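Quick one: structure below, then a few questions.
Chains: A, B, C and D, in written order; residue numbering restarts at 1 for each.
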Amino acid sequence: MKAQARSEEIERVCERITALGFKPHIIPGEQRTAIGITGNSGPVDPAEFEDMPGVAEAIRVSKAYKLVSRETKPENTIVRVNGVPIGGEEIVLCGGPCSVETREQILESARVVKAGGGQLLRGGAYKPRTSPYSFQGLGEDGLRYLAAARDETGLGIVTEAIDVETFELVERYADCVQIGARNMQNFSLLRRAGRSRKPILLKRGMSSTLEEFLMAAEYILADGNYNVILCERGVRTFADHTRNTLDLSVVPAAQSLSHLPIIVDPSHGTGKRDKVLPMSLAAIAAGASGLIVEVHPAPDKALSDGYQSLDPEQFAELADDCRAISELLRARHRMTAVR
Amino acid sequence: MKAQARSEEIERVCERITALGFKPHIIPGEQRTAIGITGNSGPVDPAEFEDMPGVAEAIRVSKAYKLVSRETKPENTIVRVNGVPIGGEEIVLCGGPCSVETREQILESARVVKAGGGQLLRGGAYKPRTSPYSFQGLGEDGLRYLAAARDETGLGIVTEAIDVETFELVERYADCVQIGARNMQNFSLLRRAGRSRKPILLKRGMSSTLEEFLMAAEYILADGNYNVILCERGVRTFADHTRNTLDLSVVPAAQSLSHLPIIVDPSHGTGKRDKVLPMSLAAIAAGASGLIVEVHPAPDKALSDGYQSLDPEQFAELADDCRAISELLRARHRMTAVR
Amino acid sequence: MKAQARSEEIERVCERITALGFKPHIIPGEQRTAIGITGNSGPVDPAEFEDMPGVAEAIRVSKAYKLVSRETKPENTIVRVNGVPIGGEEIVLCGGPCSVETREQILESARVVKAGGGQLLRGGAYKPRTSPYSFQGLGEDGLRYLAAARDETGLGIVTEAIDVETFELVERYADCVQIGARNMQNFSLLRRAGRSRKPILLKRGMSSTLEEFLMAAEYILADGNYNVILCERGVRTFADHTRNTLDLSVVPAAQSLSHLPIIVDPSHGTGKRDKVLPMSLAAIAAGASGLIVEVHPAPDKALSDGYQSLDPEQFAELADDCRAISELLRARHRMTAVR
Amino acid sequence: MKAQARSEEIERVCERITALGFKPHIIPGEQRTAIGITGNSGPVDPAEFEDMPGVAEAIRVSKAYKLVSRETKPENTIVRVNGVPIGGEEIVLCGGPCSVETREQILESARVVKAGGGQLLRGGAYKPRTSPYSFQGLGEDGLRYLAAARDETGLGIVTEAIDVETFELVERYADCVQIGARNMQNFSLLRRAGRSRKPILLKRGMSSTLEEFLMAAEYILADGNYNVILCERGVRTFADHTRNTLDLSVVPAAQSLSHLPIIVDPSHGTGKRDKVLPMSLAAIAAGASGLIVEVHPAPDKALSDGYQSLDPEQFAELADDCRAISELLRARHRMTAVR
């Protein structure tokens, strides 16, 4: 739609889409609204729409992912989590422990994240664990502690939903619901996320191609939730100097194919505390819209993943350095744009 | 327990386990019953049980997977699907189309599988698909057609459950419920499978280590379902001459660590029809307890995966050749045993 | 060329190829001779040759590998090593230690291989080692001991050349010169092998695609040595239950694209003694033309790779079982051919 | 040795090492000289050396790689190529085409690199090519053109040696000899590089672990050449959005284990022009000591790898941005050090 398209014009386009037996998707943007079409079995004639008032252009999307594609919506999507924009000019930093362990631990973590310059708080109340005998998270208690941390610090909450059954509960407390790497192709969970009104943080699967990653996001958009944040968290390879191989090249690659924002998880992506800072800087330099990082008030006492968690001072340093790089690149980019 | 242990003796062991605050798992075997213990946070003293009547041995399991481990149960587990034993002397052949498409197609497939020498029928009524816009399966109609095929041919049915919501429906119709590769670490689904009374066919994830594979099975056993069949279906690597890289070495590796039977899916494992026969023979020669193979009455007309489906004649040849190799190895093994 | 083509006819075709500024390659076959053309920068008109006497067909090869392609030579190539045909009806078994350690050790190994039913003896005199401080092989002494073992047992010798400098020495003693996985793209070494009159055993690189593997073989053929045996020895993946992931699907894949024989190395391919037997059986069932297996008179005392070497009894069992499978499949195949 | 150790003291330590039957390695540093010991089959008693004048400390190296290890030499090694220090405070930028094609092309490339702010010129005169029929480089003519470019611009030359035979020729012209990824475990070539007096740029193999990478460098140091620059250039994985997966985490990982400098090749590492800039920034942010980048005066006319080559303007932008990030991080680091 044109930048100045009126809502009646948007409505009329949607009506025509519906009349043709298809499903319209209104994807709002900062400048312009895009309207995606799904439900068609063959190509749709652009001429059907091009003459309608308010329509700027009707484009046939060449990719298997439709709504996620930059062809459908050339402008970057900015997702707001508890008021914090992700995908815009400023990077976003989400920190917190792997698991919510106690009320005190998560409150203390939130203070550390806030003090260090983070805008969002992460922490798992439901944990997908390789072993059935490992600590599986505090469940609703964990969610309540997270909410208390938000109340105190004002930080938005990002926490994982591991199944359809507990999704509603998570959704009630969270400002952004995470779908973990192991669930990237749990299609029922993706559909459930698509029916949610909360933003979704979708992590790339351990051996997911970029196309599969975008198709997973497409599941969420196809069911009506256009607020999806992609997250690279390392893939599985033969390399053994890190727990996973952080594939930063997926950042510019996703950005060129999709309008969705993409952030990076350097904690799971490396699995080693001393690699988190350099890879965080690298992620921001590669153009990521933010980071989700494990921070723990006392990493050595963490119930899970302590060896990859930063301590408060390390997190503050990381936040400062990342902001500095981001600002530098933004300033240079503006200069280039002006030239 | 000793081979001749009486049921009261088994009961008494379970009572003592319960009394200690742990959970007993009675895993029945062809010769002897094994009793696994879970729920303990630290090591349990074997002396607690060694003097009890009927107890042969109390072993501390060294692996993270307890119930799945051959330490817990040295004897092979034989899982019966619609009366067909899997994991015993004879190999089992499960054939059928990727998806149930029509009643006629699945009936015809069942006849082809039966005629070719197969004992079980596969076919998906719920399909996990990379794209939200692809054919997602016929749902309960598909299950009904499968049941009709069983009624006509007597073949047991193996079909996939893709989420907790539809599990009960699938379970009602299926003789064996499949958990697909993408769901291997969908822990809620594994727990649901653990509460089922139907045997479970658990496929290895695309980038799953053997330990993760066995831990996934452990989730099912830990919730009380000891009838799990493992299935290798290829892993994701750089190699591009096949769709996945079929890792047959996992067959003897799983057999040495676990008592559970393991079969192979050469159709997804290679993704190419002309590789299915040689890799099926290889799987049987490597010691697999059976195969799950895509067969279609008319592969070129299949709605999904037709390029990797065998035609009726190819399936019959495969079945004959696999049986011949299996018999040969069994005969030689008996000779060796006698010597 | 036609099956009954006379040598003058072959010569005349080569003359015309040379006259056009290209290079002719006479690749002899059991039934027919194929003549490959290289050195052309663009396509060559088949009509140039189709009317010449003795010519059966002139084919434009569609692949990047020309001489290696089955399009150039539809018939299987049979490579003879010390009189033993590789690529024909019967499988070939090559056994021996990782490294030649002492004269006695290699003589004893040769006796074990001979007694167990092997036809060729392997053993490294020059060893490519990850560490500069590891045992690098006995050099020419090792070659002499191998020759002594051949003198005593009549077994042909397969041993590795690790560089151009020592190639000539290795070539003088060996019946078949091995190019190891790490050298699969050592193009100078491949060219040197192409100028050798000895058959070459070319191992697949650790992360080589099938196309790269065949292109490496093409280097050898392009320089005039048409006696190349391919060898799968496992590729590098994330999987950690074996040292490498043995990719048996490359056997039928290579056979469909190339006329060269392919064998399998289950010792390096798995890195674990108890996986060698099942994967050997699987390799033969998948259609491999033979095996190269590590055998040591006393595996536990081996200087290198002892944990993956078979003892004499295990090798004899492997040889018997593999022959039985091979004969079974051959018999069945003959039946099918007759039908 | 102590910072102020005199050369006689160093000599005396070396004499004692030799007297013990071992080999001394004098590895000069900016502040202090380290002396490595190889040739010992078991542990050496530190007490042998600790009391000698000038000795600061005698350390038992715990890793398989000895001379390369940071245990042997805690201080960063700075390698000088044509006077340009690599591994120090300032990043180094090496640019140029994949292959030297003509005298004019390489002269023009050198001007572009110089003008854009690069310090070193890359370009292959000998090319390792997957196909024997591809352009294999201009050979000595190419080397001569490179030398002419150095004469004109003053840029040092980095060019690849692909075998022992041509090493001497390459060494005569080059300021730094590159060992390519395919040759990372060509041990004869590594040994030859160890006997060279020119710095060596060692690229990581396509499926090399960090340990194997460092062991390959150890081969070079063990033969007496301590001027080795490591280079990450992407590894082979399942991911298909880039040609290789650039593993930037190896930068901090190598730096923590070894004193050798490490740079990054984002051109081969991604294989796509539009990924080169973001991944270059990421590499510098991760702490790499420099970049080796493909630049071509007219990328679309390049004989090889044009699709991943930058044009002159892109290179200049990359150089500026990388320097800015490097300076920013250096300034921040100084601040942190002062605090």
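Note that in this section a residue touches a chain if its C-beta (ideal position, glycine included) is under 8 Å from a C-beta of that chain, and two chains touch if they have at least 3 such contacts.
Predicted model, so just to flag it, every value in this text is computed and none were measured.
Using the contact threshold fixed earlier, the set of chains in contact with both chain B and chain D is A, C. Looking at C-D alongside A-C, one finds more C-beta pairs in contact between the chains of C-D. Taking each chain's centre as the mean of its CA atoms, A is the chain most distant from chain C. With centres taken as mean Cα positions, chain D sits 36 Å from chain C.
Averaged Cα coordinates give chain A a centre that lies 50 Å from the centre of chain C. Touching of two or more other chains is recorded for residues 207, 236-238 of chain B. Those residues of chain C that touch chain D in the shared complex are 38, 64-66, 128-133, 162-165, 182-183, 185-189, 191, 206-207, 212, 215, 218-219, 222-223, 236. Residues of chain C touching chain B in their complex: 207, 209-210, 235, 237-242, 245-253, 256, 269-270, 274-275, 278-279, 281-287, 317, 320-321, 324-325, 328-329, 332, 336.
Across the complex, chain A meets chain C through its residues 236-238.
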